[in-house]
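Shared between the two complexes below is chain A, which pairs with chain B and chain C, respectively.
Let's turn to the complex of A and B:
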């Protein structure tokens, strides 16, 4: 296990080092699919230069990083490449702990296996299968072209991913304090990880065997504790950021920017085209609609998946990276890294061929249509937007497919693998 | 009888004595007039804004060529004309009479002529090229025939025809120029002293909107239609199959055909060309930015390159400075400052270095607070027992 992992690390480092030193680094760091106004490296450099000149980096619409990022990069701006190469490895830590998670679940199932129908045993995973999952997760993240592009472009999306991965790691390990603090840090970076509060809470409740019952005081007690840790650390971090620069400028510049989407540079998301053609009169309304769309799925999904918080985390991260206001391929890479953890769902996936074709084709077409639109002038923004739509459609289809597969597996575990209708013919399962 | 003859001889002697003096006065007045009108050379920029490849826009090319023909006839040479035609109608494969462009039906008048010189053709007629020609900001490799080499004593005629709307003109069906851009271009020309007076004629739909935004001095503008009106085309020719000219330019051409280099027709006559009864649209004009009275401005001041030549065998003493009879009201922008070299920097200023900028450092309180918190969290998660190993 250690040897393949080390080999993988060496290969990943080599690829990134080679790309850093080549001429492609410049090209990649300007691509709109890889960097967004929120996490572009040249904006970080610009903000630090402004700071050196004695001006607040948030003046003007250039810099949208949080003050803690300023602090981090102030000392490491010359070694930025190393920082960005190190950050994906945090995601690996996560992968190493997916195995014990499944051991935990396996134990639960072993206790209850006599409750399951006999033909379901093939659905359960054996430790042998699960042995290689951490390696696969690491491979999926480190060797994912999206991650490599994001890293070579020195987009701070890699650091955001690292924080979210560390948060998941601490959650799975069971440390509520660290998990709350890291979630606060992730929310502080970009507001959307707020929705991960619910799955983390559910995970802790499950782990501590507290039933999710709104009338029980133990539920509220733990919820309040966790919320207190989370909100408290968020307040502390925000206060610290105030002391860094001595002003509250960063709040409208970072959070106001994320929410009100003033910059309509094209990216792989859905906001830019819509708001480019939106009249001012309706803009506020549709901003609210779009932003609510990100947070909206938390409660229904939490209700449905309350016994499966780890899958809920995956779904939430996927939804965030599809519907956030400035997505980049780095966000996509984060939830794609989790897919090997659910490789046992493969037999229930229905659209995997379509989804992989769509995602591959769109990834290839993004730079082509960008070139046709901006440089050749023979296409227009509609072409690029069409591919954006298709890409997001593919992502949504992937996520919903995995959701269906997960629920179907759970259904089979309870009701048996080969379902029969009352008259004995084979039945089909439909997700409604 | 004797009284009568005495009177006549006195008058005769009077006339004889004073006539040379009167004549030299007359000559001095003429010399004063010689330098009075203010311009010494004429330029013309004639642009046809149709889209390349549309045979129906024959009339725009015919419009431009008819103005070109008049301007050449009245004396402006090709070297002083920048002709921008977006399409080659004379050699279009749909032209039943190749190498001709007619302005009157029944092929009465071929405005293409034998010696037309087109400076910008086809795809070269773009907004960028047009503005570069006007402002003179062309790359060094541009030949002289493609440049507007006017100076502050040039009267320029600018004629545009094509398709337009309220506040904009279409170039090549894919670009637009707005009235504000045009006004700014003229202001640039004024600031760079690229014209003395400028006459702007436009024959498009809603043409009057294009001169609404002018704000530079010495501009006079004419348009074929007001805002909200369309400029209409004149007569089709059944053999060629398209409309040959636009109404306004057709009547403008008819008017200009009567003008010859010595004619005293002035701008007020030009404003009367094509009234609404003939043109259906209402032509408009704008003279508030123009310093002189339009009635005193000759057509040939803009359309022709008339050189004032007075042949005299008498000598004239130009000892007194000839005051221009027209007082130019307005700001003294016209005074040209004498050129001097910039003062060299004093040495002390060169040697004096700016103090090295201090890099920004995060405040100490922040660093202290942050690391204290990190340490606290670390010990909280991993237990207090580790402290023993440190101390």
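Let's turn to the complex of A and C:
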């Protein structure tokens, strides 16, 4: 395991180093699919330059990073490339812990395996299969072209991904304190990881064998503990940010910006063209609708997947990446890194071929249609918007397909793999 | 005219300066100056006596507590390298800058109302001036009149580069003159000739001034200036032979009766041998203006003998050959570099043509918010070496609230070209924020370069009452330099546009994609897997119904 992993790391570092030094680096850091107004490196440099000129970076509308980023980059701006190269490797730590996770689950099943129908055993994974999952996850993340592009562009999305990955790592390891602190940091960076509070809580409850029953005091005791850690660290981090620049200017500049979407720079998301063409009268209504859309899947998903918190984390991250206000390919790469962990669901996926074709085609068409619109002038914004729609549709299809496959596998584990109808013939399974 | 006893000392002076340019064009500059003697700065008493000063402007001054007001409407761009320096520079379009009194509490509110009132007075679309194109320059626009204000919170500056000047703007401007367009020099202001020119600029400048050298009494000064350049080929039929009739289709018949002084100056400094001016006049005047000593023939319209026997004055100028021109010492250009609709670069080039003296210039740039400037890409190079500005004042833009303001003090080395570049990104706006012709582009107002240029000739710092108006517009503080303001070209920048025919379609399609996501998740969350028992076809179901009634076993 160590040798292939090391080889993988070396290959990944080499690719990134080569691209950093080539002329492609500048080209990539201007691409709107890879950087957004929230995490572009150009804007970080601009914010630091404004600070040098004696003007607050938040007085204009160019800089939307949190003050802790100013702290970080103030000292490491010359070593930025190294910072961005190191961050993907945090995601690797995550992968190392997915294996013990599955071991945990396998133990749980082994205890109950006599409850399972005999033909289901092929659904359970063998240790041999699971041995290679960490390597596959690392490969999926490090060698994913989306991640490479995001890293070479020095988009701070890579750092946000690292924080989320560390949070998942600490959660899986069982440390509630670190998990709460990292979740607070992730929420502080961009508000959407707030929805990851529920899956983390469910995971800890499952791990500590506390039943999720609203009437039990042990449930409330742990929930309040975890919430206290989370909210407390969030307050501390926000307070520290206040003391950096001595003002609360960063709150409307960062969080107000994320929520009210004033900047309509094209990206791979659904917000920009929608709000560019919105009637002024309905703008506030649709902003609220679109932002609620990100958050309101939490409760139903948590209820349905309360015994499977890791899959819930995957679903939440995917929903955030698709429906957030300024998505980039770096966000897409984060949930795609999880897919090897669910490789056992492959037999139940229905649309995987279609989805992969759609995503590949869209990724190829994005730069083409951008060039035609902005530089050649022969296409217009509708072309790029269409590809945006298709890309997001492909992502939604991917996520819902994996959800379907997961639920179907759970059903088969309980009811048996080869189902028969009442008269003994082979049955089909439908959602009703 | 009646004379009021006591302190009615309103004064009106008018003058016209005609300067032949070395390219064969001719530059005519009108200045009308009204001095309004009223005690205003200390108490804001209601003034009800308007003699020569126009009532509309007087009411504007008192209602909005304005200390200085400068407004100009320009059609065309002043070509400094071909025509030299103008007496009063102005940028293309409309420009308005105002100093308010220290007593004003809500400057923005006063500014908004003032622009709307001026829009009505001058029949111009000054109501388009709002906070998104107003800036507060910190150093470039010091007061030209009395007072030593340094708090730039009371200063507002705005330009409308897209504003077009036409007859509707000239007519109310002429109405502000005491004699209207009936007598004096203003009879020459006929719009069909004035707008058929390369450059036309009319301006109104109001400021408080001293009435005498000891400054015992103060007065409001209203200067109305009109600069026009007639083209050699369009108006002049290709011949370097100009007359008042050819330029304005009118001749002068009398001075304005309300004027204490009414003069016409013709610049005869260049090439006196080849220059022919008729009717001849014995009056000559020398003035040091714009760092150069010029000789003028003077025609005094208050004297009856100026008009001759025909009782009309039609000056005729004829010259042969190319006259040399004093190369302007300070000159600036600006252009946009880059391609595509995503990014671009603004390049401002400033030339210092002085052979051995270096001097500092103050460059002010006001860029609209939808071109996002990146100040870390700002480079200033002179003679291909980095030239760091000694003072930078930068106020970044806030989307839809205020524009960028960049002011820099740059030292220009002698005989050099200095290039200032800054990169910007173009924003995609909401579809309602585009003008009706979005592919025309968006205008960026002219940059302003202000400097004290070293003068070859000693400037006149004395204050005399009978100084020609053109040399007393800008107060001269020292002998060795004179104040110059150069405006660059406005820029026209294209922004990416959304498809304007698509709002409903976009809303439907995006909501469809969101609904697809919602629908899939809803299905997976609320439904469970069940074995599919196929339902019987309709015929068999009906048969089963009948069988149940009969009590007979059912079909499968």
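Just so we're on the same page, the second predicted complex is superposed on the first by the 430 of 432 C-alpha atoms of A that agree within 3 Å, B and C clash if a C-alpha of one lies under 4 Å from a C-alpha of the other, contacts with A are read in each partner's own complex, and residues count from 1 in each chain.
Here is the rule we go by: a contact is a pair of C-beta atoms (placed from the backbone, for glycine too) under 8 Å apart; a residue touches a chain by one contact, two chains touch by 3 or more.
Given the structure is predicted, the values throughout are model-derived calculations rather than measurements.
Shared-chain residue A:263: touches chain C; no touch with chain B. Once the two complexes are laid over each other on the shared chain, residue contacts for A:392 go to chain C alone; chain B is not touched.
Using the contact criterion defined above for the overlaid structures, shared-chain residue A:14 touches neither chain B nor chain C, since it reaches no partner.
In the superposed pair of complexes, A:213 makes contact with neither chain B nor chain C. In the overlay built on the shared chain, the residue A:51 is in contact with chain B alone; chain C does not reach it. Looking at the shared chain after the overlay, A:274 reaches chain C, while chain B stays out of its contact range.
Once the two structures are overlaid, the count of chain A residues touched is higher for C than for its counterpart among chain B and chain C. Once chain A of one complex is fitted onto chain A of the other, the partner contacts of A:62 are limited to chain C, with no touch recorded for chain B.
By the touch criterion defined above, A:76 reaches neither chain B nor chain C. Look at A:177: by the touch rule set out above, it reaches chain B but stays clear of chain C. Residue overlap on chain A between its contacts with chain B in one complex and with chain C in the other: 53. Residues 339-343, 369, 372, 374-376, 392, 394-400, 404, 427-432, 496-499, 502-503, 506-507, 509-510, 513-514, 516-518, 520-521, 523-525, 527-533, 556 of chain C are the ones that touch chain A when the two sit in their complex. Contact residues of chain A toward chain B in the complex are 51-54, 70-71, 74, 175, 177-178, 181, 236, 240, 243-244, 246.
Across the complex, chain B meets chain A through its residues 357, 359-363, 365-366, 369-370, 373, 377, 380-381.
Interface residues of chain A, counted against chain C in their complex, comprise 30, 32, 42, 45-46, 48-50, 53, 55, 59-62, 262-266, 270, 272-280, 290, 293, 297, 300-301, 304, 322-323, 373-375, 377, 380-382, 385, 389, 392-393, 396-397, 400, 403-404, 407-408, 411, 419, 421-423, 427-432.
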